[in-house]
Amino acid sequence: MKNNWPLWEVFVRSKNGLEHRHFGSLHAADAEMALENARDVYTRRSEGVSIWVVESKNITASNPDNNGELFEPAQDKIYRHPTFYDLPDEVKHM
Amino acid sequence: MKNENLVQYIYGIADNALILGQRLSELCGHGPSLETDIAGTNMALDLLGQTRSYYQYVASLVGEGKTEDDIAFLRTERQYKNVLLVEQPNRHFGYVIARQFLFDVFHLLLLQELQRSEDETLAAIAKKGIKEVSYHRRFSSDWIKRLGDGTEESHQKVQEAINDLWRFTDELFHMTENDMIVADEGVGIDVKQLREDYYRIVKEVLEEATLTVPEIKYFQKGGKQGIHGEHMGYLLSDLQYMQRTYPNMKW
Amino acid sequence: MSEKEIKNLEEIFEQKIARDEKIEPKDWMPEKYRKTHIRQISQHAHSEIVGMLPEGNWITRAPSLRRKVALLAKVQDEAGHGLYLYSACETLGISRDELYNQLHTGKAKYSSIFNYPTITWADIGAIGWLVDGAAIINQVPLCSTSYGPYARAMIRVCKEESFHQRQGFEIMMTLANGTPEQKEMAQDALNRWWWPSLMMLGPTDAESVHTAQSMKWKLKRKTNDELRQQFIDQTVPQADLIGLTVPDPDLKWNEETGHYDFGEIDWEEFWQVVKGHGPCNKERMNARVNAWEKGEWVRDAAMAYAKKQEDKKLREAI
């Protein structure tokens, strides 16, 4: 029988106040095992206080071929950034 | 109670951690998957860490310049007081998990009591160990279920291991004379009191794992008196090899 | 895609790398880039897990509890590093099982150094000091390699590995400062591990087939010979410091070049080991295959259990 453990992605919160960050992946037969493995593999040196695991196949990723239409239109919307607006230097706390 | 009573009592707890840690470390690099290999090594490291805390305490009790290593490596086989269960060899992964599970359930119950010991050092070591051992029990229970309720082959293999190792479980609750002396002082634990909880928890997990709880009448004991099985000598040959071949050196 | 289109994509790709931009898994990449990376990353991963064996050989016999836990943690790290690297490799569209299969059938290579036996405790010191020392020289530049997942894995590996070499050197230092017997053990280990460690940095530039391409893709930042020189220059003073002698009669400091001159490497031995005829090639492979085959029923059981649980959940939902 050829029965390979699926791949899981591991997200770890390093400490409270921070977001979960992608740490890497691993293989596990089920979610419980994925959590346990993630704990043993990715937090050996106290790197985390919380773990998320998600089976890799459940992640929908954008296609880099579409990067142009997805991300470039935002580039010229400079009015979304504070530096777009001219204010005299005397105005403080803004 | 004399110092020697306390020392002997600590051996009865610490040697379990040492010998099981040694057995688990034999597997490092040979596990069924990288992930399980890493997990097994973590448990070995936890156990060896606990061992060191106990032995450092013993060294301070004994004095005479003794170190944790003298205690770990330079006793004779009869002076090791671990239970027979933990010295059983890694016949296959089913044995590794069954041995771990049968010990973890006991180990956690023991430490939960020991954290209330009148001896502050022992209580502190136990308290720290509880977190580690809770995880061990969770890990081994999960694997008992996976193997028990996995495939036909895994079911049969882990059942075989449980059946085979069951005869060593009774010894966990055996009180030596020394154990009773130390328990009377409020320092040691009356392990007989743990028996009922132990078998209840073990049975629950085994049943969930669709495994049969063995019914046997005859049990093995002796480890607590230093009377070990034939495997033990080989384990110690490895463990003690360097210290015996090159005595009185620093490493 | 037409040839012209591919050519165009390739150009954009190479420019990206030249600008130090990273390549990520779903980005277009030339087939050769993918293949080269699968080869190198998997070879690296295999080296980590085969590398667990010679050191694992001494875990049960470590001479003190402190040494035992340090060694266990180190060998465990190697499993972790193998895992990070296999994961990085899997982003290129190949599964870990396929990679294992390549290892087990001898199609994939791993670092030849691990085909030498660890026969004394001092060998554990020598491996940490020399083999990890050489590995670090190889690995640090890879933290900024062009393939994102590989670079990220290497950053983690390098961070964790910083204790490995120190662990080895401390063992050697303790032995060298110990009894005459211990010092002899340390010297003997240095004698046996020195040359294989030099070989570990790869064939000479003249013989190395992959260097030019690898430089362009930042799989390599320096040539094998440069790395080897760096390793020798940094290691010889360390040996001097603890009173051990590097087993090379031709080794001499060269004022002019500011480097050590060193003797001829026995490349015949190197190729013999690479081709599978080192002292422990068979043992290493047997151990890996054995672990994998004996673990099959366990992996199957876990999958079967997971499936049953899933089905149970579904039934309960209905």
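As written, the chain order gives the labels A, B and C, with residue 1 at the start of each chain.
One rule holds in what follows: a residue touches a chain if its C-beta (ideal position, glycine included) is under 8 Å from a C-beta of that chain, and two chains touch if they have at least 3 such contacts.
Since we're looking at a predicted model, the values are computed, not measured.
> When contacts are scored as defined above, which chain pair ends up with more C-beta pairs, B-C or A-B?
By number of C-beta pairs in contact, B-C is the larger.
> So which chain ends up in the middle if you average the CA atoms?
The most central chain here turns out to be C.
> Roughly how far is chain A from chain C, going centre to centre by Cα mean, in whole Å?
Spacing between the chain centres: roughly 28 Å.
> Round to the nearest whole Å and give the separation of the Cα centres of chain B and chain C.
Chain B and chain C have C-alpha centres separated by 35 Å.
> So how far apart, in whole Å, are chain A and chain B when each is placed at the average of its C-alpha atoms?
Result: the chain centres lie 41 Å from each other.
> Could you tell me which residues belong to chain C and also touch two or more other chains?
Those would be 76, 80, 83, 296, 299-300, 302-306.
> Chain A: which residues touch two or more other chains?
Residues 1, 5, 26-27, 29, 33, 41, 44 of chain A touch two or more partner chains.
> By residue number and range, which residues of chain B touch two or more other chains?
33-35, 38, 42, 146, 151, in rising order.
> Please output the residues of chain B touching chain A within their complex, sorted ascending.
Residues 33-35, 38-39, 42, 138-139, 142, 146, 151.
> Taking the complex as given, what residues does chain A use to touch chain C?
1-5, 7, 24-27, 29-30, 33, 41, 44-45, 61, 63-65
> For chain C, which residues count as touching chain A in their complex?
Of all residues in chain C, those touching chain A are 24, 26-28, 76-77, 80, 83-84, 87, 90, 95-97, 152-153, 156, 160, 296, 299-300, 302-306, 309-310.
> Hey, which residues of chain A end up touching chain B in the complex?
Residue positions touching the partner: 1, 5, 26-29, 32-33, 36-37, 40-41, 44.
> State the interface residues of chain B toward chain C in the complex, per the touch definition above.
Contact set of chain B toward chain C: 22, 25-26, 28-38, 41-42, 44-45, 48-49, 51-52, 55, 68-69, 72-73, 92-93, 145-147, 149-151, 153-154, 157, 238-239, 241-243, 246, 249-251.
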